[in-house]
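Look for chain A in each of the two complexes below; its partner is chain B in the first and chain C in the second.
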Partner chain A sequence: MHDADSIVVERQDFAGLFEILRSLGYAVVGPTVKDQAIVYDQLSQVDDLPIGWTDEQEAGHYRLRRRNDAALFGYAVGPHSWKKFLHPPRLRLFQAERSEDGAMVFKQEPVEAPKYAFLGVRSCEAHAIAIQDRVFLEGAVADPTYRERRIGALLIAVNCGFPSSTCFCHSMKTGPGISQNTKVDIELTELLDDEGHRFVFQARSQKGQTIVDRLPARRTTRGDLDAAEALVAEATETMTRELNAEGVRDLLYANLEHPRWDEVADRCLTCANCTMVCPTCFCTTVEDVTDITGDHAERWRRWDSCFTLDFSHMPGGSSRQTSKSRYRQWLTHKLATWHDQFGTSGCVGCGRCISWCPVGIDLTEEIQVMGQSTQGVPSS
Partner chain B sequence: MFMKIGSDLRPSSIQPDPMCPDVHHVMSISQETSDIYTLKLQPTERREAVRFAPGQFNMLYAFGVGECAISISGDPTVNNVTEHTIRRVGLVTGTLGSVRAGDSIGVRGPFGTPWPMDQARGRDVLLIAGGIGMAPLRPVIMDVLANRENYKELTILSGSRDPEGILFADELLTWKKQPGVDSKVTVDHADSRWNGNVGVVTTLVNRTVKDPKDTIAFVCGPEIMMRYAVTELQKNGLGKDQIYLSLERNMKCAIGLCGHCQFGSEFICRDGPVFRYDRIEFWLNQREL
Partner chain C sequence: MSETGQSKPKLAVWKFASCDGCQLSLLDCEDEFLAVSEVIEIAHFSEATRRSVPGPYDLSLVEGSITTPADAERIQRVRAESRYLVTIGACATSGGIQALRNSRDVGEMASVVYASPEYLDVLETSTPIASHVSVDFELRGCPVNKHQLLEVILAFLHRRKPNIATHSVCLECKARDSVCVMTAKGIPCLGPVTQAGCGAICPAYNRGCYGCFGPMESPNCAALSAQWKAMGVSDVDIVRAYRSFNGYAEAFRVESERHESI
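Now for the complex of A and B:
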């Protein structure tokens, strides 16, 4: 949350942020309305933001609604997350040429790393980025593309005032407000009340400070800070879904054969939507292509999902044949084995997997049911 | 203790781009059984000695077709030559099986945890293989034979579907003649020309373990066979910490980033493929993992 060092930028001066970012060579990406959803894309001006729009979400439901004000950040989260910029959905890994004598040459792919400014990062999303940092940067081998893009990225985070009904970040301790130890460069809060339409800005890194210092601004008043705090407090109050993050790992380990998995499997279409919209899901597969001569080959990486049969393909057949085993893999990875692998939960409580599930499967409900009929203590 | 990529024992370094292969020259290709062949490879650009530890694997790339994880089956004491013993099961292993001496293929690696040879020092070494599972155990045999004084008895139990499918059949006979080495072979089915054992490889364990407190067992084969092998080894007095298994799952990256090879909380490419049994016991007993 903000402290006395924060400043206030009036709505009419907000465009100045775009100019500063551009002058520093950043490509600004942020929320914008496209195909009846708030998605993340390149922005060129303030008017590209979802001005006056909000999102209405429920399990298996997402609709844009008009707000009765002109808020820039008056929505929760849409189907996109920042991973599409840091961990691109499709990436060429290398090209290879084969000459007539059968000799092969590999051409390493140069890392393409645009300098991104992410405008409108929610607290849950900053946590999701920190989780992917652990996956891609803190293991034995770092992902070169993620590393370069992440180092260059500027995170401008916005405190969340309008969580959707599918959100449960307060359970996962990832929001809705941006805490002191969340890694972002700038924290801002949008205020729209009798005092006017304004933004509380606070630098949270050296990189952020150089930008905040250039904004036309006034000092914050007690009133601004109280309003910012109240916004986040109210947001927390409005959240209805919850998940017992403390006990979920052991609960899942003790219930790998719980009958509920069969029940979920009857509903789950294994469509992979939940993994595509999840801001932490990181799995990829590769595709090999050749041109018509057969002497030029390329290898591409693309996002993959543990919900496909092919994901666990083995010579003797896929190891996860049933949708039960694939749903179980996804949920136990996200909420349990992720802790063992990366020392953190893989879930930030953003609720995307609930909203974008075509049949409205709600992981908080599944965990609750399992908790009420747990089959014992873990054997490990 | 498991070694991770990057530890001292991990023999050669990862290339600048961990996903871009190195060109390797095919020195020879030889047919082992009707569906198993061995490639002998040499790097074309010699940067530093390519070394590996028994149990590690490489990602082999067939031009324009794809890549697959194949364990190294050659001699760990020889630098710059890698052998891979491969069963034709799909497009990539089929394409690699049609290369000729002098051709090139792509190689990334070596990756993964090796068999803990340091734990085997001064002990009886028991190897249990099912089918192609002999491939990652062959470097162990070569290492033991090259450093015979470091180990006590070496016993090789090998199972195959039929007598024609016995992998490294000639070598098994040669190894058996070495002092302190025994090998037993069994087949699932055979006709009247076969005078040897018939039945699953795990049935051989009972007659084998002599000094359970001072034995280490390395097991590689189909998962069901490994589960039974563990049961038999435990019945014969081996502790969970004396049993090591080499596991297999689909792999795309081999560096812990693609997510495919997850086995519960383990990434087989990074935390394995060789695991001490007690580390994976919980997961090995889950279905459809």
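Now for the complex of A and C:
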């Protein structure tokens, strides 16, 4: 949260942020209304933001709703996440040509890395980016596309004031307020009260500082800071969903044959929407294509999911034939094996997989049921 | 060198009971199709050329379903003359829209439609090609996607696995950035139980998926229907949704019958 170094920008001066970002060569991307949802896309001006809009979310349900004010950030996360910019859904990895003498010549793909300013990153999302940083950058080999895009990206984070009913970041310790050790460049809080419509800005990195320094601003007052804190406190209060993050890893390991897996498999469509919308899921597959002559080949990478049969295809077929085994893979990876693999949870409590599951399967409910009827003693 | 000893592999395109739309997809490939014809001999393709070269053929593309005794015999001959046989489209892979008659009395329908039904010689059912002969690859779609069709031909030509996904439409829908019409607009969508391939066109234009590519690899139609019912869709409309181009495909047929009996 903010401290005394923060500044206040009035609503009418907020457009200045866009000008500064543009002058520094950033492509600004952030929330905007499209197809009856708040999605992430290119923004060219303040008016592109979802002014006066909010969302209503439930399991398998998302609706845009009008607010009775003109807030710029008065909603929770939507179907998109920043992963689509840092880890694109489709990417050509290389091309190969057959040369005159029949040898294969590889052509390396230039890394395309637009310089993005992410405007409106939520705390859970900043955590999700940090998790993907571990996955893509801290392994044996760094992913070049992710690395270039990530290095160039500027994260302008917003403290959450209006979580949706599917959010449970508080119990995952990833929000709704942005904590001191969360890696972002700028932190801001939107305030809309008797004192007016204004934004508390705080630089959280060197890069962020140069931008904040250029904004037309005044110093924060005690009142501004208290209001910002109250907003986040209230957001925490209104959050109804929760997941008992303590011990969930052991709970899952002790219940790999729990009958609940069969019940959820009866409902699960194995459609993969949950993994597509999840801001931390990173899986891909590759496809080789050839042209008619066979002299030119390309390798493409595209998002894949542990819900597809091909994902676990080995000699003899898919090793996860049943939807039970696929749902179990998803949930145990997010909440259990991720800890062993990357030292963190694979879930930040953003609630997307709940809202965007066409049949409204809710992982917090699954964990709760398993916790109440655990079959084994969770070992620790 | 082709398998049949010619310099270029020979391609044949066959039509059974169908609307010709899938063959049109091949013609629709235009420039690519011309390029294909330089490396593959178009030995038989009535929709494109009158010229017909006798078999055997390296690759046969078969459109349409089997609806007459004569076609039931003809497909045997096509199979015998083809090294690889690939079925294209909903008719060839699931019986097509004409399979709607499979649960009706064909004789009675014919007497209503035709002045002289005695001239007809049809089977009771419309069935997919794979119910009659062994099929090397099934390419779904009503009609097939021309890029997928080209991909199958290229994969055959270069002896590699075709990149044809069998998962749900939802992966394509998300990859193209569409907002889910089921969850955000309350529009019933067959995408979660339908095989990808079209590029998730309909949800991008505010419609639910119609199921043109047939059941995906692990369809859970019962769970999707339960959600549709919760959204207010009637059993009659659920039957209609499943009983279209791919209505005779096992998963869709079972689901429509389940709701018919309710």
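Just so we're on the same page, the second predicted complex is superposed on the first by the 374 of 380 C-alpha atoms of A that agree within 3 Å, B and C clash if a C-alpha of one lies under 4 Å from a C-alpha of the other, contacts with A are read in each partner's own complex, and residues count from 1 in each chain.
Throughout what follows, a residue touches a chain if its C-beta (ideal position, glycine included) is under 8 Å from a C-beta of that chain, and two chains touch if they have at least 3 such contacts.
Model, not experiment: these values are computed from the prediction.
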{"item": "Partner chain in contact with A:60 - chain B first, chain C second, else both or neither", "value": "second"}
{"item": "Which superposed partner A:325 touches (first chain B, second chain C, both, neither)", "value": "first"}
{"item": "Chain B versus chain C as contact partner of A:290, first or second or both or neither", "value": "both"}
{"item": "Chain B versus chain C as contact partner of A:94, first or second or both or neither", "value": "first"}
{"item": "Touching partner for A:228 - first (chain B), second (chain C), both, neither", "value": "neither"}
{"item": "A:333 touches, of chain B and chain C: first, second, both or neither?", "value": "first"}
{"item": "Which of chain B and chain C A:314 touches, first, second, both or neither", "value": "first"}
{"item": "Set of chain A residues, in rising order, touched by both chain B and chain C", "value": "288-290, 294, 304"}
{"item": "Chain A residues within the chain C interface of the complex", "value": "34-37, 39, 60-64, 79-80, 84, 89-90, 266-273, 276-277, 287-294, 302-305, 307-310, 323, 355-360"}
{"item": "Chain A contact footprint on chain B (complex, rising order)", "value": "4-6, 14, 16-23, 63-67, 87, 89-90, 102-106, 222, 248-250, 252-253, 255-260, 262, 264-265, 267, 270, 281-282, 286-289"}
{"item": "Residue numbers on chain C that touch chain A, as the complex places them", "value": "32, 35-36, 38-39, 151, 154, 157-158, 160, 163, 165-168, 170-171, 174-180, 182-185, 189, 191-193, 206, 217-218, 220, 222-224, 226-227"}
{"item": "Complex contacts: residues of chain A adjacent to chain B", "value": "93-94, 96, 98, 102-106, 108-109, 135-136, 139-141, 143-144, 253, 256-257, 282-286, 288-290, 294, 297, 299, 301, 304, 306, 311-316, 319-322, 324-325, 328-329, 332-333, 336-337, 340-341, 379-380"}
